[in-house]
Amino acid sequence: MRQGWITRAGIGAAAALSLAIGASPAPAQAAEKGPIKIGVISEQSAIVGQSISHGAELAADYINAHGGVDGRKIKILLYDDHSSAADAVRAFQRAAEQDHVKAVVTTFISEIALALEPWSARLHIPTITPGAASNLITKQIHDNYARYKYMFEGWFPATILAQAVCDSSHDLFAKDLHMKTAAIMSEDADWTKPLDEGYVKCLPKAGLKVVDEVAFNPDTTDFTPIFNKIEAKHPDVIITGIAHVGVQPTVQWHDQQVPIPFGGISAQATNLTFWKDTNGAANGVITQTGTVPGLAITPLTIPVGEEFVKKYGHFPAFVGFTAYDAVQALAGAMGRAHSTNPDAVVTQMEKTDMVGTLGQYAFHGRKSKYTHSLRYGPKWVPTVFMQWQNGKQVCVWPASKCHNKMIFPPFIKTTKTAAK
Amino acid sequence: MSATTPPLLTVNGLTKRFGGLVAVKDIGFRIRPGEILGLIGPNGSGKSTVMKLVMGIEKPNAGTIELDGTDIAGWPTHRIARHGVGIVFQHSRPLHRQTVLENIKLALLPDSLFKLAAEPHVEKRARAIAERVGLADVIDRRPATLPFADLRRLEMAKALARNPKVVLVDEPFAGLTAAEVATFSALIDGFRNEGRAVLLVDHNVKSVAALVDRVLAMYLGEHIAEGSADEVMSNETVRRVYIGGAIETHPRKDLDQRGGESLLDVRDLEVFYGKAQALQKVSIHVRAGEFVSVVGLNGAGKTTLFNAISGLVPYTGEIRWDGAALAGRTPASIARGGIVQCPETRELFGTMSVRENLDLGGQHLPPAERDRQLAWLLELFPILKARAGQAAGTLSGGEQQMLAIARALMMQPRLLILDEPTLGLAPVILEQLSKALARLRETTPITVLLGEQNVTFALPHADRVYVVEHARVVWEGDPGRFAAEMGTGYL
Amino acid sequence: MLALQILIDGFAISALYGLGAIGFTLMFGVCGVLNLAHGGIMVIAGIIGWWAAANYGAGPYGGAAIGVLAGLVAAYVTYFAIIRPVQRSRAIPKEEEEIFVLTATLLWGIMLQVGLDYLFSNNPVTMRSMIPGVISLAGVRTPRNEILIAVVCWVVIGLLTLLVNRTRLGKQLLAASINPRALTLLGFELSRIYMVVWTIYGLLAGLAGVLLASFIGVSSANAGALTASAFTIVILGGLGSVPGSLIAAYVVGYAETITAYLIAPTLRPIPALLILVVVLYLRPQGLLGRR
Amino acid sequence: MLRSPLFWLLVPTLLLGATAPWWLGAYYLGIFTTAYYFGVFSMSWDLLFGYAGEVNFGPTFLIGLGAYGAGLLNNAGWPIPLCLAGGSIIAVIGGVALALPALRLRGPYFGLITLVAVLLLIDCIVIFAGVTGGEIGMMVPDVLSISATVNYWYAFGFLVVCGTILFILSRSSLGLILQATGQDRIEAAALGFNVTKHKLAAFCISALFSGLAGGMLVFYQGTASVDTVVDLSITVQIIIAVVFGGRRTILGGVLGSIFLILFDELLRPLGQLNTFVVSGIALLVVLLLPDGVLGYVLRPRASR
């Protein structure tokens, strides 16, 4: 019997050994030859996550078809983070240390972007998030530039998003519909705190008095109490700040026939599948987004959108465009630096000023509170407000880009009709 | 050991209630150093509860338990153990990953969080204890590889480890062979010389008679007799509890002609529970229409025999029913095939009503048949009619037993197995039950296999009798001969 | 008015919680199985139902039927591929069976969730209301669908109660939860009874999943939370007690709704958890549990 | 000792582990670093489950207290060693809080209380977002090191130290008594052991190591978040690691953790399906080798 355990122990040890050998790294590749690898870390099960990977791949295809970067091709490596920060950190390590990527495009989830930020600093990997909106991401870059300068936010921090919502609300609700009051409805999350503060500050300036401010647990599934609470205050419009939830409040808003327009930021509503996911309850919902099908913000918007549809069968979520631009910006910076040296790339990234798919693409500098985040405004990236109208995403703002009228489902009472 | 030595353990007025049930009522006894007291009583008499109360596993409602002058009643178990009471459980649950030696060492460890390694003398002492109980040869083996008797020795060793002044032993000889019983008796006898006070808890006097100085008999929570083993054995109350009154028999002359073919035929049946052998080469048979009683004390193997027939425990040997082997059939299919057991635990659906219990038994019958059967049974057990809507769990013990029998009869069994129907029942109830059985035997062609400890209850109805002792059938014959051949040796 | 609103709003959601939990508690009561893949099975039903309705034109009722069927199939697979092998394994000691059932269903639940992610993405989806529109109940605007869901829940719960208390099969189930051994002695095959329970369980979980998808929407990401919610309700009510689970569902549902209305929507889940802790301290067997 | 199969398994494994930085890339070192901390989580859980017999669904309650405790103290300016000590003390207090219901409740009821403890902790973290950073987590100013190799050494050393202590504890008198109480508390009490005291000790020890490892993980990753140290998915991973590796072996949990994390990474090319495959393998092991991998290798022979 003695032999029994020795055999088993031997097999165990051999298995451990072979595992270890199997896991041993590939020999370090010659640094500056072959394609330039860019890692994309996102959740492949989520439509938004897929849009990030696809947008990045599309950009790489375009760059490679036009001569690459300094003659080198761009290669996109995909990593699934299952929307988990712990997974994303391991994927990031693999990308940086095993696969030797030169830059990373990742996630629309602030928590994950923040978990990766110290790793981008530690491993000196230029990292850009095409959709995360936490103010903290840029604050850290601003406060500790030398350490966190490798991080870029290819989208807007929440405070800026709030400004964009107020700008549009002024035109859409206060001016066009003569509304006077608004209620804020946000999930209780880090990115909504500056957003709500921004709303509270800028909505009155836009002509809408804030009559109620409701924050709710992001795990909420039953929104009835929230809508009822808001309705009791009789606001003219509900201004939202939601990303974690979307389908559920929209469907319940529709099913319960809450007679108040529903607009602001609703990240899930930017997905093309949102109509189907909500069985059409989305009708009338307004949200801030990057663009909508058929809208030409820059000469690039429509061709990239069409290319995306051709290749992947559907129109991308807005992060598809921002991921496309992010890869373009990275490639441009590497081209200008003639190197993939992280510090050189960061320096060149800061000088980015290109025509992107969603506007003129450039980052805030070190002096700004929003270091390394995208510049907002009519001159830069304007952002668009869209409304779901009978299964289609229709651009309703800014007037300089589109002229469609808002249409609401019959149960909505806009101020004109509901005037007492 | 003179009678003047102050007692080590003095128990006075011990009472324990579980809800409305008084499990132990005003029990008192004393054990002096070097004295062995036997505490006997049938199942449900409260003897185990007394042991648990002494050990602190249950807290008494009233009474005192003085150990060496200190009242330990209500103390937590570990303090009582530290104070000098050791217990040998009937069922052993050793640590399976540790060796015998380590298991004994466990019992020698101080109750301290900070002693990581045992002190050197512990090892020596553990070995000495192992030697003392006869485990020296298997000291490095793991419990899973030990025979049953050695597992009991291990329990003994653990109880001895703390050098207790009082040792409680639960069913010392259950599951042991005759040779093993002798060695265990010698071991326990050794405690006497070491000046320990010993409390032996067992079902019956016979098994502990040779060992004990005195015996206290309990029944339904109450003290019924006390004295030497002989005195208790000949005590009339005790005899009534165990044997019933005078033995009567009612032979049926017509039966022999109907005999011949066996309905049930059990050959060379052997059953093991882990290491313990519960049945050893048991062969019995029952002919159609016969009333066969299997008598034996608690723990002799009756229940195991019935469970094997019902397909509830794995066995070797052969059980044939109506000419076909039963092996491989599920218990439910055996029951549907006509062998219906009414188990000693009664197994009622406590929160369901009497009527619902009966209906479940009759679900296999066509409706008309079911109604007829039900009407007949309610006539046989009128009390069930009055209690029809009441939850089964709230019935008295006797009513529960009647319900259990009635429920089994609802299945229209060809063979009814009745296991210990008298368990824990008062004598008045026994009479009612006995009458019902008599009517059953006289008015129906039913075949019955009755397991009983109470011989007076078992014999009057029986056409034939088996006596089971220590996992074997030791006697077989007609009831008329029982009194003469087995009557005195039974208890 | 507010009180009325709370009363109406809490009613349907609590009924749905109850429907989700009674299958779970029945399963424990009769078969002794705590199925931690419960949420996964509910989500399967909701998502398949939505998928059939949205992509194959099955309509709201057809989608619901397909969803319930999917829940039933998932329950059967759970039983035959996971539970039975654990229960029949000779290598697993009986006293440790519970932890093995827990671990195996936990792993199975993860596999279900990840598989759904892969096939359908983790987007939340909702099924179309079976009857759209709202009506006013004493001044409280209530979706007809919500009323329908509450009614369906209670009808199903009522049917289950009738089944258990009034039919021969129900008596067998009840008896099996009290004393399975006795039932065997009366000639009933436990394996058949377990099959019946898994069937009922699959239908209940499937229906709860479909109604959930129609009422508030489901996503594969909800699987864990749905299991935890059922587990909580069932323990609060007392393991194995169907009426206990229903009471607990209403306690939890109203605790959440009242918190959302009167305190703050951010604190929604907390009072229910605190109630649970207090109840278990004072009554370790749950509200209606047997000791 | 030389006759123990465990010894012959451990020596080469330790050698492989100790020499890893010389033949493994930074990425794999990173994976093992995380796996080692999870290994300590699993060992601590096994002490409670395998020895004291308590099914604790709330290991992340203890881990989270240690992690957030350490992180908060670091943000208050304390140096790392003091933060770790402080975090562990907070975790031990949490352990006592968990032990109290354990002494009163049985089986699933106790399991639920531990589950609720985790849910409440998550809610508290989210509600007090101002202090804890809420759902997006909390950055810590200091990290152990930014070098993958140094981080690996810390984790490896930590694992070896914790593993040694927990293993010795499990084989010590305390381990024996815990097993006795876990198996049958009445019998243990009848042998003179104060069950309450020993259960409490087991919870404290488990909490101490869980909290310490949680703190170490925070100072490795540079952040503490619900997702990385408190989430129920971590509990699930710990339980699966222990059952996979072998319960009541202490070291089996380490094996299970390494398997789960390493294979999840190795199977990354499968994309979304990697977790599916790893869970499937673990399920098969649970069904076919109920004693776990290490338990199977080390199982006592029926005869000799």
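For clarity, chains are labelled A, B, C and D in written order, and residue numbers in each chain start from 1.
The rule is simple: contacts are C-beta pairs under 8 Å (C-beta built on N, C-alpha and C of every residue); 3 or more make two chains touch, one makes a residue touch a chain.
Predicted model, so just to flag it, every value in this text is computed and none were measured.
Note on connectivity: the fewest chain-to-chain touch steps from subunit C to subunit D number 1. In this assembly, B is the chain whose CA centroid lies farthest from the centroid of subunit C. Ranked by C-beta contact pairs, the top pair of chains is A-D. Note on chain placement: the centre of subunit A and the centre of subunit B lie 73 Å apart, centres being C-alpha means. Averaged C-alpha coordinates put the centre of subunit A at 35 Å from the centre of subunit C. Note: centroid distance subunit B to subunit D, computed from Cα atoms, is 46 Å.
Counting partner chains per residue, subunit D shows two or more touched chains at residues 126, 233, 272, 275, 303. The set of subunit B residues that touch two or more partner chains is empty. Each of the following residues of subunit A touches two or more other chains: 45, 82, 188, 217. Here the chains touching each other pair up as A-C, A-D, B-C, B-D, C-D. Here subunit D touches subunit A in the complex through residues 5, 8-9, 12-13, 16, 20, 23-28, 30-31, 34, 126, 129, 133-137, 139, 143, 146, 148, 221-223, 225, 227-228, 233-234, 261-262, 264-266, 268, 271-272, 274-275, 296-298, 301, 303-304, going by the rule given at the top. Chain contact summary for the complex, subunit A toward subunit C: residues 43, 45-47, 50, 82-83, 188, 214-217, 219-226, 228-229, 245-248, 251-252, 255-257, 268, 271, 273, 276-281, 411. Every residue of subunit B that touches subunit C in the complex is listed here, in rising order: 310, 312, 330-333, 335-336, 340-341, 343, 347-352, 356, 359-361, 363-364, 407-408, 411. Residues 5-6, 9, 13, 54, 117-118, 121-129, 132-134, 141-143, 145-146, 216-217, 219-220, 222, 225, 256-257, 260-261, 264-269 of subunit C are the ones that touch subunit A when the two sit in their complex.
Across the complex, subunit C meets subunit B through its residues 168, 171-172, 174-175, 178-179, 181-191.
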